[in-house]
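Please read through the structure below; I'll follow up with questions.
Chain naming follows the written order as A, B, C, D, E, F, G and H, and within any one chain the residues start at number 1.
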């Protein structure tokens, strides 16, 4: 049984070696996850700041405000998303998705909000990903925001657009509000079709409900403006379909 | 060995049931998907598309729905008397489908889609594979949840006559539902929600009326009252 | 065997309590059903039916309610001192009943139905089987939730004097409730809701006033102020 | 007025269904009560009462159960094809009833009560109102949950032969169940529990064996293996 | 102004009720605190302290408990017939108190503390302010949850006779509870838990018995059976 | 016995904290009660009572509030540096108190009560016991929720100049709040509400304006627009 | 219409993903089924069937498993780098498969199947489609849960040498696992279970040893102790 | 109305200034909270490693293992708790408690576990706080672990002690297991009295239930050992109350 003994010894030491290597792998993965979580928290916090910056918009300071927002957004990418990319380097994007998904979703929210305010259009996923491709060093695959995080971020965007719309109405920018309304309705309609195909349809369903609430808040606000406008136009004795009444800087002499 | 023999048998039966369920599931997924497309078509009503176009797009899906249900019926015809055994598997999708049909019908005619009409549209009106009454009722209530949004947007689009009509419709519907003695269940809970839809539409009508925007043909109040009158009073 | 003996006893006691509860449940279901019919009658007020007719229909149910409560009292008289043990079983139905009585009374008189009046109407004013104070108060607040809807529909139907009157009533009611020192419970939560009812009625009154639709007899503001004055200031 | 007419109809239908459900509920409460008494009788087996006495007491309730089910069948015969609509209302009580019958049968014969035997005992073996297969299987697994307790108490009372027999029975039962392709549902979850029952009985058998308490007649291992052999290997 | 007058009144009544509740709350906090100290004393039984010492420490708190309840009774005597109105405020603490008294009593005597004995110890046995039956029963079941832990630790400490005694006690208790027709409520749920306590103690007894550690005086099985016999069989 | 000794210590410390909390609770109840009275006084403004009278009545309570907070400060000075440990206990009452002070201040001066001013009024401006910034901000938003109601009632009472002033104030306030970066918490939710308050006041302003009811006394409007521009400037 | 276009795209992509998932699901169902059969084969070891026969039957399934995984790999090769997107869909089945392979391997060699060996057997050792380390570890712990049962049945069947060997194996395995730093997750919970498996096997070992049933053939024990010491050494 | 205008202007600019300063305060607080959260996560992760290290204990390597655990624990303090102290510097410990409480609780768990293994005693809160006092620079108040976090950490400690006890039994260290059992029972008993006095009694109640489960797991293990021992002693024909059977290295020649 000497042979047997030897074999046993061998096995045992190989077991030890194997688990020692498993231990290294697990430690490495956990450390990396921890770093990714931290990077994600930073992205979240700073994207939120960009969103607040956008909400400082008014009729008269649009360029200024958006310029700063874009600068801040660029800083989020250069500083914080870049750090995320660095931490993720060489590892599986999907494996650690849970660790960075909240940050990326908030970033999507901020970036699409900026784009909408600037040009009234939806920032595409391809464009976003193209803008990120420069971050990673060429030897690695660049971080690609996945379609799920993009869509989840978009769902949250509608809440910010609702806030924006209410503010724009107060500022007399009715057409802007109407435009937001249409845009949000379209997003809501399109996302409706995607829900059952998402990886986690359940979360998406919850977001859809919130989104519908947001859409209806904008619609109700537009309704309020409309019925008032319709009442005033006759009162003003004017058939003019324009609506110069709402909005602080809207031409009525206070 | 009776035990072994018996379980041999069970295996076959359970296998059949599993296979059946998989087949049902496949059809139900398609119903859900069709319903989603139909809902998406109906949403165009809020995107300023002309009503005929919206109705066309929406009604284009009814055929598909009917096909889906006909396949479901075929599957269930293999296990007669077990409709209610598997009913839970397509219940909620059917409620949604009914609500979409009823909304389409309302947009087109201003009337409630009746139970047998809904069944017909889905090919569910034979006695073996019919449209469950509670599913129909829940579907109708789902539809009523959509009406306040519809009214608000119609007014914004300049249709000041809409609130009056919808209010009349919802008032009748409410009166009709009050005739039923509902148990403390999902249907009852949904019905309690109808009250809020009605209230919201009353508010919209008020907003329009107080500003003199409502068309003048009526004296809706009286009319509304007259129509409801009988049904409400009976019990 | 004291243990066995004791449980023999327990069995009898628990059995009695189960039977009692079943009997209470039967009566409570009837109260609920009567209340539902009474509410249906009251709903006619939103359809601009003549008030006397509405009140007649509504008051027709009060007798039935009273009968129901008298049967409840009979049942509970079998277990003296245990009113509050089973109180939870009819609590919410009683609150609803009070709210319907109070709404009817308001429509008829423009005043608040008082606690003892409510108790009388339900036959609940003897000391053994009375109307719990908190139930009464919750019922009153349930009624106040209905008033904004009433006002909106009255204005839609062309009664422009209604908002002023209801506003006065709710202002008084609010002042009265503010006198109470409520705990952080359901009643308090309901009372917080009164604020929103009041606000909504103020808005409707504003709508009517700014458009010159309100009748001019008053100078409600002052009047409203004067009436509230004392009660508000005292504490 | 088709809407009103239709809801008139609905009211009748829903009313019927409510009444039916109340009647079912009454019978189900009796089934539950009978089952409770039967379980009490069976519990005597843990107190080392002579088996015949236990079986007599237990079997005395089977007639009552059968009567109960016959009343249930009568009620359901009024609404043909709706067995599965109301099935959920008596499902769990039926599973309990099956488990009690099966335990009684095992104690008496050492064999598994077969599906048709169980149906027969409950009068549930006609095609209109049968014993649902999954309910039967769940009932059998409920019974198997009881066996570890039975074995432990038998050994405590000095019956060292019991573990071997029960182990053999559970091993066969486990093999039989492994033939089924279960969905991820309640039945599957219950079956996963069978593993723990088996394990516990193996442990008790081990305890008895290692201490030399087990009777020697067998060489159970081989036997157990042989018996299972075929069924296990086939698929 | 009847409204104002009435609310003046309400204010006084509600104020009284708030004050009463605050006073009840203060006493209940003390009951909870005393019970916690008593539980902590009883836990010494697991820390190898001699039983007499543990019992002394535990029983030292009974006087305090009784004082607490006497203060509670005084408070409630001010509002006769409203025991059950405020019952919920001390319910759960009383159940805990009963369970501690019953455990102490079991440790001392090996018997169940009866309902009237429990009431006596808490000074709750007059007709105006008694110990609610369901609270007593829940308390007893709370105690039975402690017994498996007690048995395990007693055996570890070398007391091999304990499992048999506790098993006998729990078996009787179980049989007694089975006599009751419990509703589907908290008490029923707690009673279902008793089954697991019983099972665990059976296992411990088994572990001791199979190793020949149990004392030999008995042939417990038979005895257990005999004692239970009658009560179990009756219904 | 160091373990027991240490826990003895803990118990004492925690007991101190419980006692402290009870003392805090007593003061907080008084703050709540004072705030309630102060709110009652302010409500008179909706009843068109002369502003000086309302302000006198309202400001009469500020001294009491300050006394309350000074007692709170005394209590907390016993446990230095633990302000935020107990902060949750008076948080919501302080927010209410701030909102009342800010409303009073607005009515008197037309300006916003600043953080340090609010702290001063409550005696909360020393570094040990200050007014938490987020509490202040929430309080300000509570106040802004009250302004639409104020405006509506003022117009109803014939004060047509009020909407313009309040609109200017809320516009500035909104601009100021937009400078903040908030977390997704209660404060942000409250801030979202400010937008709706602003919109409602605008609506009233235009109702008045369009009907030529607003006085024309100044042309603050242009100025306002200019001023806003600056405050909007990004920092 | 770029927006619509983009979403058209998304729909296509997500649809692909749904289809992929369905295909994965089909393979996973087969893996599950194969694993079930393999487990059935392994169960024969508890019935004392000759080891070579058991191993043959069990190993016969490994090829099928590998085929299944190769089909899975093919599917996933269509969406490179998305292994972990869908990982959750086959995770638990893979853990089961690993446990079966590891048990088979242990029965055959007495050693632990290593991570790369397990990957090899399933065809999961290329870098694109590998065996997740945590899944492997969970699988190993699933296997260790099976060992106490194995030992008990082996001893019952007369193999008294088995406990010593398994004890040695589990002791090593435990030492190996202690080298890992785990998060507070499922893996850690499973690892906690290993301690109980180890204890149970020890108990059986001593049962056998104390009764002089264990064979004396070697003195691996000392060696084992020595070996363990090394593996325990901290790194 | 010139005077009025001026006043308004003044007010307005003071409003702007005030909110600008509020904005700074809020930004500063949020940044600090974020940093504290990150420091807390690091403390958690590294304390957990110490706990795993302790579980590597066996009869024969005790000193080695504990020495390393103590070294690692010291590193947690020097590196991570020190960073927390630095981030917290000058701010209110209680205000940010929620942000760092999880990390501190885990540290308490690790530190008290080490101490128990080394000396069988409970590491006092005062001792812990004394050891931390050196971390902060003398101009600031040192971080004091508060009594609540200490007690919550202690509650979790019992779970680790349960794992330790099961392991010690396997290793034949029955007296050690018995000692753990007594220690855990005492902690459980003492904490029972503290529950209603905690700031959040509800959380503590949940922990107490888990703790009771842990206590009973140890008791059941000790029970198992005891009945076996009682069966064997007669079998061995020995009245010797010692129990040399359990434990791999327990003297029985394998």
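Here is the rule we go by: a contact is a pair of C-beta atoms (placed from the backbone, for glycine too) under 8 Å apart; a residue touches a chain by one contact, two chains touch by 3 or more.
Everything numeric in this text was worked out from a predicted model, so none of it was measured.
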Which chains does chain B share as contact partners with chain G? A, D
Determine, among B-D, C-E or D-E, the equivalent of interface D-G; equivalence here requires over half of the contact pairs to be the same by residue number. D-E
Same residues or different residues where chain B meets chain D? The copies count as same if more than half of the interface numbers are shared. same
With centres defined as the mean of Cα atoms, the chain at greatest distance from chain C is chain G
Rounded to a multiple of 5 degrees, the Cα superposition angle from chain D to chain G is 95
Using the average of all C-alpha atoms in each chain as its centre, how far is it in Å between chain A and chain B? 35
Nearest whole angstrom, what separates the Cα centre of chain C from the Cα centre of chain D? 52
For chain A and chain E, let me know how many angstrom lie between their CA-based centres, rounded off. 57
If a residue has to touch 2 or more other chains to count, which residues of chain H qualify? 30, 186, 193, 196, 228
Where chain B touches two or more other chains at once, the residues are 181
Between which chains is there touch? A-B, A-F, A-G, A-H, B-C, B-D, C-E, C-F, D-E, D-G, E-H, F-H, G-H
Interface with chain G, chain A side, in the complex: residues 1, 5, 8-9, 11-12, 14-16, 18-20, 22-23, 25-27, 30, 92-95, 97, 121-122, 124-125, 141, 146-147, 151, 183, 186-187, 190-191, 193-194, 196-199
Taking the touch rule as given, give the residues of chain D at its contact with chain B in the complex, in rising order. 1-4, 6-8, 10-11, 13-15, 18, 80-85, 87, 111-112, 114-115, 133-134, 137, 172-173, 176-177, 179-183, 230-231
Complex interface listing, chain G residues touching chain D: 33, 36-37, 40, 43-44, 46-49, 57, 149, 152-153, 155-158, 204, 207-208, 211, 213
The chain B residues in contact with chain C across the complex are 171, 178, 181, 199, 202-203, 205-206, 209-210, 221-222, 224-225, 228-229, 232-233, 235
Considering only the defined contacts, which chain H positions touch chain E in the complex? 182, 185-186, 188-189, 192-193, 195-196, 216, 219-220, 222-223, 226-228, 230-231, 234
